[in-house]
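Below is a structure I'd like to ask you about.
Chain naming follows the written order as A, B, C and D, and within any one chain the residues start at number 1.
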Amino acid sequence: MKEFMAVLRNGLSLENPLTVLMIGLCSTLAVSAKFEGSLFMGIAVIFVLVMSNVLISAVRRFTPDEVRIPIFIVIIAAFVTIVDLVLKGYFPSVYSFLGVWIPLIVVNCIVLGRAEAFAYHNGVVLSIADGIGMGVGYTIIISGLGAFRELFGSGKLVFLQHTLVSFGSAYRGPNILLLFPGAFLLFGLIVAGSRALNKRLMARKEAV
Amino acid sequence: MRDNIYLRLGMPVLVICILSAAGLAITYGFTRGPIERQAREAEQESLNAVLPDAKTFERVTAAALLAKASAAAGDVTIDGVFRALDGTGATVGVGLLVGSRGYGGPIRMAVGVDRNGKVTSVTIVSMNETPGLGSKIVDDKTFLPRFGGLTSAEEARKVDTITGATKSSRGVRKGVEAALAALQAIGGVEGVSAR
Amino acid sequence: MDIALVLKAVLALSVLGVISVALLATAAQKFAIEVDPNIEAILSALPGANCGACGNPSCFAAAEAIAAGRAPATTCVAGGKSTAEAIAEILGESCEFIPLVSVRHCGGGTNTRREYEYGGLRSCASVAKLAGGNIACPSGCFGFGDCVAACPFDAMSLDERDLPVIDLAKCTGCAICVKECPRGGAGLLQVVDDQSAVAVRCSSREAVKDRRVVCSMCCIACRKCEKACPTGAMRLIDGLAVLDPTLCISCYACVEACPQDCIDVYGRGASQPASDLDRLARSYPGFGVDDAAVAAAMARRTADAPVGPAEAGA
Amino acid sequence: MHAVTQLMLLLVGAALVNNILLTRFIALCSFFGISDNMHTSIGMSLAVIFVMMLASTATWIAYYGMLVPLGVGEFLYIPAFILVIAALVQFVEMYLRKYSPALYRAMGIYLPLITTNCAVLAAATEAVKPGFFKMNMAYNFTLGENLIYTLGVAVGYGFALLCFTALRERLDLAPVPDALKGIPMAFIAAALLSIGYIGLGSLFGL
């Protein structure tokens, strides 16, 4: 249990896939223009990560090394397709917003990377922890980014057609937040900020 | 040795392929209903919104008519032409579902035309425009009504676009233009209602 | 549930899966390359830094060239002696490897006069392009560390005077720093035989009076080192003290003799024990080594307990 | 519209206006990973162009030759495409290693990276499903259109990668605040480059 929690925490902080490992960036920047879409993307990634981690970990003893990549990707692709079909059937607005990003979860470095690096070498239970940790770490960052961009860019926060927060119709936000360059800019500043913070923390630690 | 490598590598891949294909086919079986229902509902809803007088809508399936409509629409796709019928089965107008090019991807919209060939109203079915900018085509409540009452593609071309959402609103305008042109090409509302 | 659909799906994906695996398995057999086993062995003996110092684009290319006999076992300058020996063993040859090390021939740093104040990009290449550079001495170090950035082995760093310091433990003599240095051609950085124990921190070819004007640490051609050297390793050539490393016996007489502090203890020779140095000195009988002078120098060296190898680089 | 005009629009649209890297955010991992060295960038661009052309031809054939006739295209395209791409990339790697060592040395080491390059799967998917790149072109690409379109996407990828690498090589020398050095600065540069690409959108009134 202790180990389970340690692996879980690892994904959330120490090895957060986005801010620390810098992988899975594409989807983060692209779908974080809307809170709703980014939250669903996060949930989709958690589902795919956990399920594929479980299955890959379960079949790892029967997987010949030479063809492990084809086997991994077929497994991952199957779960991605399930997400694709479910979103299409039950959340059409989210489906049309995410578009090509759903199939692209297959090649999301986080998913395949965890399959290779973790699930292929660890047991089922730990792989679940790793999947949840990594997935939630991803979801927190991406939906946070999505909420920030949507709220300050357009002045309101919409979730499944309910307006959660609104600054009123007179609000004129910085439009660049909503456009592609805004995502680059924002993410660059986030990374710079977290680095400066890390540096200060390190310095304080050394001073003590 | 030769057979060995094929079998040793092939079997696991084959088993995984079979299992995932079966799993997906079953999942698809479950979700197919909702997917189709969603599509139909979205269609009905948007058609209802543009032609509130109609009770039912009937899809036009005549291939020759649809080909003519598509040719007249140019870049814009004609996703469906519908006869709008009232309770008695009389034609009250025509609904067209069209897809035009916006800034962030396709803009799908429904255009309703009454028996006199006048646009009743236009709604956006789905779009992917930038929130706060391109999405003004929906958020700006004065924009879509600008198309009401138009009778020809030439008139539609003169509708003003929205500042800050030029490309998106131009996409909508182009969609309406094409819908009207397509309708004209297949003989207007009479042409459609003649079965 | 639609059984037909399930069957069709299974059929489609299985066919693709089987085709893929068959393609790969066939390829694995058909395209199996009879790689010269030496290539793999040599490749694993090489450092794998792909530094390019040997003139080959990568370590793999170098391994191929060595295995094919197009290049000698000593091709890899970066790997040094141990690599050369390992490769020679793979090839079943013997080899003679002269290890190399990079040396900085400038001690100026902040003591050198500036022609102008430079505020541009902190890059030697960049300042060198601006009216020939702000350091008045034509072979003086700019101190922006282009060499440090270029070093593939992380062997260089800048000291408090912004002069590059070479870590002897890491330097492989690959000469990339020399190529990178805008004044490498002027002799600021050189790659030399690594038996030397001292380094002359000046490479100016200006007239002596001119160089004294721009730098307080330059070689003033006083010949004191030449006179102090028991083996004739230190010679004044064209007004500049130059060391012949093959003759140096690490007695440090020149370091003591130099009135300008222009000669430093630096080089792998400095770390060799006295007995080895003695042997080394005697292995060059043809150069007229004065045995008595050597002995005296050795005695002095032991007595003074000179600078150890740990401080040698700085 | 004239057929050739249509194809040219397809090409330019895919390469510039809908540039896969800077306006669609696809394949960013490799974009930031390898863009600090011009030599690597050139190798990667060539490899991507080559693999993309091959892969999208193969997936097109698999889709229209097998999945659609069997009626399973809608839910089987993801595993089918990625399987085809992975197998193809690995096959090409082996083939080049055997028959074209020079080519292999130039781009061989990038091939494994490309399997997981989102750009290849994205281009293959977009070619058969309406979406970002095809905009409103709901009709199905023919094999020829598919090739032109893929060429556009791949060349656009290469061009953006080279532009960005040139920028980053210069940025390395520039005096920037400590916290911004490296990756953060690269992001900001990408933002500026991306603004430029947005401007291209008006080029053809697309």
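The rule we apply is simple: contacts are C-beta pairs under 8 Å (C-beta built on N, C-alpha and C of every residue); 3 or more make two chains touch, one makes a residue touch a chain.
A quick note: this is a predicted structure, and the numbers were derived from the prediction, not measured.
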Contact tally winner between A-C and A-D is A-D
Which chain's centre, taken as the mean of its Cα atoms, is farthest from the centre of chain C?
B
Just the number, please: Cα centre separation of chain A and chain C in whole Å.
46
Between chain A and chain D, what's the gap in Å when you average each chain's C-alpha atoms?
22
How big is the gap, in whole Å, between where the Cα atoms of chain A centre and where those of chain B centre?
32
Per the C-alpha centroid definition, the whole-Å distance linking chain C and chain D comes out as 41
Multi-partner residues of chain A (each touching 2 or more other chains):
66-67, 70, 74, 77-78, 81, 85, 99, 179
Listed in rising order, chain D residues that touch 2 or more other chains are 72, 75-76, 79, 83, 86-87, 90, 131-132
Chain C: positions in contact with at least two other chains:
5, 8-9, 11-13, 16-17, 20-21, 24, 28
For the protein chains shown, what form does their contact graph take: line, ring, star, complete or other?
complete
Chain C-facing residues of chain A, complex
66-67, 70, 74
Touching chain B in the complex, chain D uses residues 1, 72, 74-76, 79, 83, 130-132, 135-139, 201, 206
Flag every residue of chain B that touches chain A in the complex, lowest number first.
8-9, 12-13, 16-17, 20, 23-24, 27-28, 31-35, 38-39, 42, 105, 126, 128, 130-133, 135, 164
Applying the document's contact rule, which stretches of chain D touch chain C when the two form their complex?
62, 66-67, 70-72, 75-76, 79-80, 83-84, 86-87, 90-91, 94-95, 97-99, 105, 173-175
Flag every residue of chain B that touches chain D in the complex, lowest number first.
17, 20-21, 24-25, 27-28, 74-77, 79, 99-101, 103-107, 167
